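In the two complexes that follow, subunit A is the common piece, with subunit B as its partner first and subunit C second.
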Partner chain A sequence: MFDYTFHWRAAYKALPDMLAGAWVTFETAALSMVFGVIIALLLTLMRQGRNPVLRGFAATWISIARNTPSLFQIYILYFGLGSFGLHVSSWFALLAGITFNNAGYLAENFRGGLKAVPDTQLRAARSLGMSAAQAYRLIVVPQLLRIVFYPLTNQMVWAVLMTSLGVIVGLNNDLTGVTQDYNVKTFRTFEFFALAAVLYYLIAKAIVAVARILSWRLFRY
Partner chain B sequence: MIEIDNVHKSFGELDVIKGVSLRVNKGEVVSIIGGSGSGKSTLLMCINGLESIKSGSIRVDGTEVHAPGTDINKLRQKIGIVFQQWNAFPHLTVLENVMLAPRKVLGRSKQDAEEMAVKQLTHVGLADKLKVFPGKLSGGQQQRMAIARALAMSPDYMLFDEATSALDPQLVGEVLDTMRLLAEEGMTMVLVTHEIRFARDVSDRVAFFRNGLVHEIGTPDQVIGNPQKPETIDFLKSIN
Partner chain C sequence: MFSTSFTWNDFLFLLQGAWVTLLLTLGAMAIGTVAGVLCGLLRALLPRATLPLSWLLDVFRSVPLLIQFVLFNSLKSIAGLNWSAFTVACIVLGIYATAFCTEIVRSGVLAVPFNLRRASRSLGLTYLQDLRYIVLPIATRVAFPGWLNLVLSVMKDTALVMWIGIVELLRASQTIVTRIQEPLLVLCIAGLIYYVMSLVVARLGARLETRWQEND
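The block that comes next holds the complex of A and B.
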């Protein structure tokens, strides 16, 4: 009943290609985090602000990003925009989709983090003659960074795993794309995807490890 | 000189200060006593513009605190304040807490700021805690650090908002000693306090606040030693 013979040699031979794919995966995730953090900060500011249009825009973004499947978010960006005549590359659709998702989740984290830094810290900073901008930059943000650091790490791992969705919009040079290409050619599904899973696992673990080392250096208190 | 003229302040519907006038001269120590909710802490926050006022005026050295054109950050450089909840910056060491504002606000060099910070921290008895994070200090030590942090800006005025109210009883003494030292050195101070004996010792004048108004004011011997109004007598009895 179990007469499948494993062929790991084929998978090992594909390893260099898959590692190149893993790099694309990591790069895409890292980029989506950089943009995600910037947009999340803007969304957080918009939501704190007085302008009802901006507040509504931010609330809608966060709400949609967190309550719809990330698969759909990428799909709509690729095929949905395509049907309006706006054609973007597979890679761009993936990057934009994950960035959209990251920004929504991170904005929510930042809001919680801001609440966790007491108002009295701002007050004490202002009482020493600091401008509002200085007080945020020197007192509030450093404390906020520590509070959101682990959620940020989680989101980075999540972003790496989400890049595997690129295959549904035709991306073929990231880790999943490369793996899928080999799978289609050889039908060694188990071997290739098991190897790819190991690589995803290692990337995720490496991110957590680097984050831990970073947090030792950054947060001395 | 701090000149407070017919100041009104409300939080929404609630009037907390209902026309207070008070003058604090250079070198003077004025204590404000009174029950909670009498508006004394709020008044302190209004003096350096951390709270807005509804009407009236507050002038510090002739500068209108609440006028729209006033550079409030500049004005705050000469008004130090110490809060009930000390508000140490937890992500900075004791030394960095004290150095930060002189460097970033006054633009002092790192060396100058450090020199000043060490001097002030030695002054309050924390010379051996420079590299420690505030989380490792007792409440009394954190409060003394907060005093050093305010003093490092070389302020002309110091405001104390119930500086010892949140401390364990055995730690109150060390903070009061630091404040006493400051008063003896001629610092102009406004204290909101529940430490009546201390207020009597260090103050030039004592103001008793009640329902958002100065109810009785005078020398410590008058207001605390020989109060005239029945509410003042009741208040002093209630806390003894």
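The block that comes next holds the complex of A and C.
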């Protein structure tokens, strides 16, 4: 029944390439987080505002991002934009898809965080003579970031895991893509993907560890 | 201008794919809920002894689902098991759901105030009675929204099973796109189906939640 010999040597030989792929994965995830946070802040502002068009736009974005699979979102960017004559690379489609997804989820987190900052804080800041922008920048946003820091780390781990979907739209230089390339060449599926799984696990743990150290440094009263 | 070669039969094909998606979700959630409630209870009641369990489940949350599918699929071939792709998908998604469900159940059980349990014990309930009549009803109400979120996220994650060759909603839409070459339209319809399914599940859950909270 069990007549399979594992060949780990081939996988070890591929390790440098896979580490390079891991770096691409991390970069993509980090970029998508940066853009995601910016867009999510904008979406949160739009939702708070009075303009019905902007409100509708933000609400639509968030509900689509949260109610459809991220793979579907990447697909629609990769194949769907093609019908407008916009041919994007698979890496761009992946990045845009994950950013779209991140922004939707983070906007929801920010909304929750904003609710958790007491109204009185803003009013106190205003009555101390700060302008609205100052009050937001110096009082509300720092507290908001403190509250959403943990969800933010979580979302970063999610972003790293989501980059593995790039291989389905033909990306071949991220961690999963590199692994799949080797897999196609050698058909040592289990060994290569086991190594990739270990690398993903290490990346995820590293992110959590760094976030923990960061929060310990940043959020001391 | 708006002529399309998308036919009624294509739509039925998509609906069949959606049915597979729903079946997968159901199977995975059945496995995930049963195993998750067990593991979650163990984690909450014996936190020290089951620490290795939490490390094990943590692995499934930190490795991409796609890679879990590929790994398990090749492991199946290595071990010479003759399982269908559907079974493999259900098991992998089930373990994945277990990993999340455990945390949800654990936090639900821990949310029950310890004094409440002491009170029930001092009223003469046995340990199991206390668990059955006091802890579980309260923990269920606390954990339910999280569980519902898990159902929705598992439903979205079923899209990944196309990689091991199951024709579910997204794969069905790909098949149609290959034939009629209108990706935007077909993908939009598939997306709409996903959206409606999520919305229905979310609405049903919200209704159940309000009904449970009536006499709180």
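One rule holds for everything that comes next: the second predicted complex is superposed on the first by the 221 of 221 C-alpha atoms of A that agree within 3 Å, B and C clash if a C-alpha of one lies under 4 Å from a C-alpha of the other, contacts with A are read in each partner's own complex, and residues count from 1 in each chain.
We adopt the following convention: contacts are C-beta pairs under 8 Å (C-beta built on N, C-alpha and C of every residue); 3 or more make two chains touch, one makes a residue touch a chain.
Quick caveat, the model's predicted, so the values are computed rather than measured.
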| item | value |
| --- | --- |
| Which of subunit B and subunit C A:Pro142 touches, first, second, both or neither | first |
| Touched partner set for A:Arg220, first subunit B, second subunit C, both or neither | first |
| Which superposed partner A:Ala65 touches (first subunit B, second subunit C, both, neither) | neither |
| Contacts of A:Gln121 with subunit B and subunit C, given as first, second, both or neither | first |
| Which superposed partner A:Gly129 touches (first subunit B, second subunit C, both, neither) | first |
| Partner chain in contact with A:Ala107 - subunit B first, subunit C second, else both or neither | neither |
| If touched residues of subunit A are counted for subunit B and for subunit C, the larger one | C |
| Of subunit A, residues touching subunit C in the complex | 1-4, 63-64, 67-72, 75-76, 79-80, 82-84, 157, 161-162, 164-165, 167-168, 176, 179, 189-190, 193-194, 196-197, 200-201, 204-205 |
| Parts of subunit A lying in touch with subunit B, wherever the complex brings them together | 120-121, 123-131, 134, 138-139, 142-143, 146, 219-221 |
| Subunit B to subunit A touching residues, read off their complex | 48, 50, 73-74, 76-77, 80-81, 83, 85, 87, 89-91, 100-101, 104-106, 133-135, 146, 149-150, 153 |
| Subunit A-touching residues of subunit C, taken from the complex the two chains share | 59, 62-68, 70-71, 73-75, 78-80, 152, 156-160, 162-163, 170, 174, 177, 182-184, 187-188, 190-191, 194-195, 198-199 |
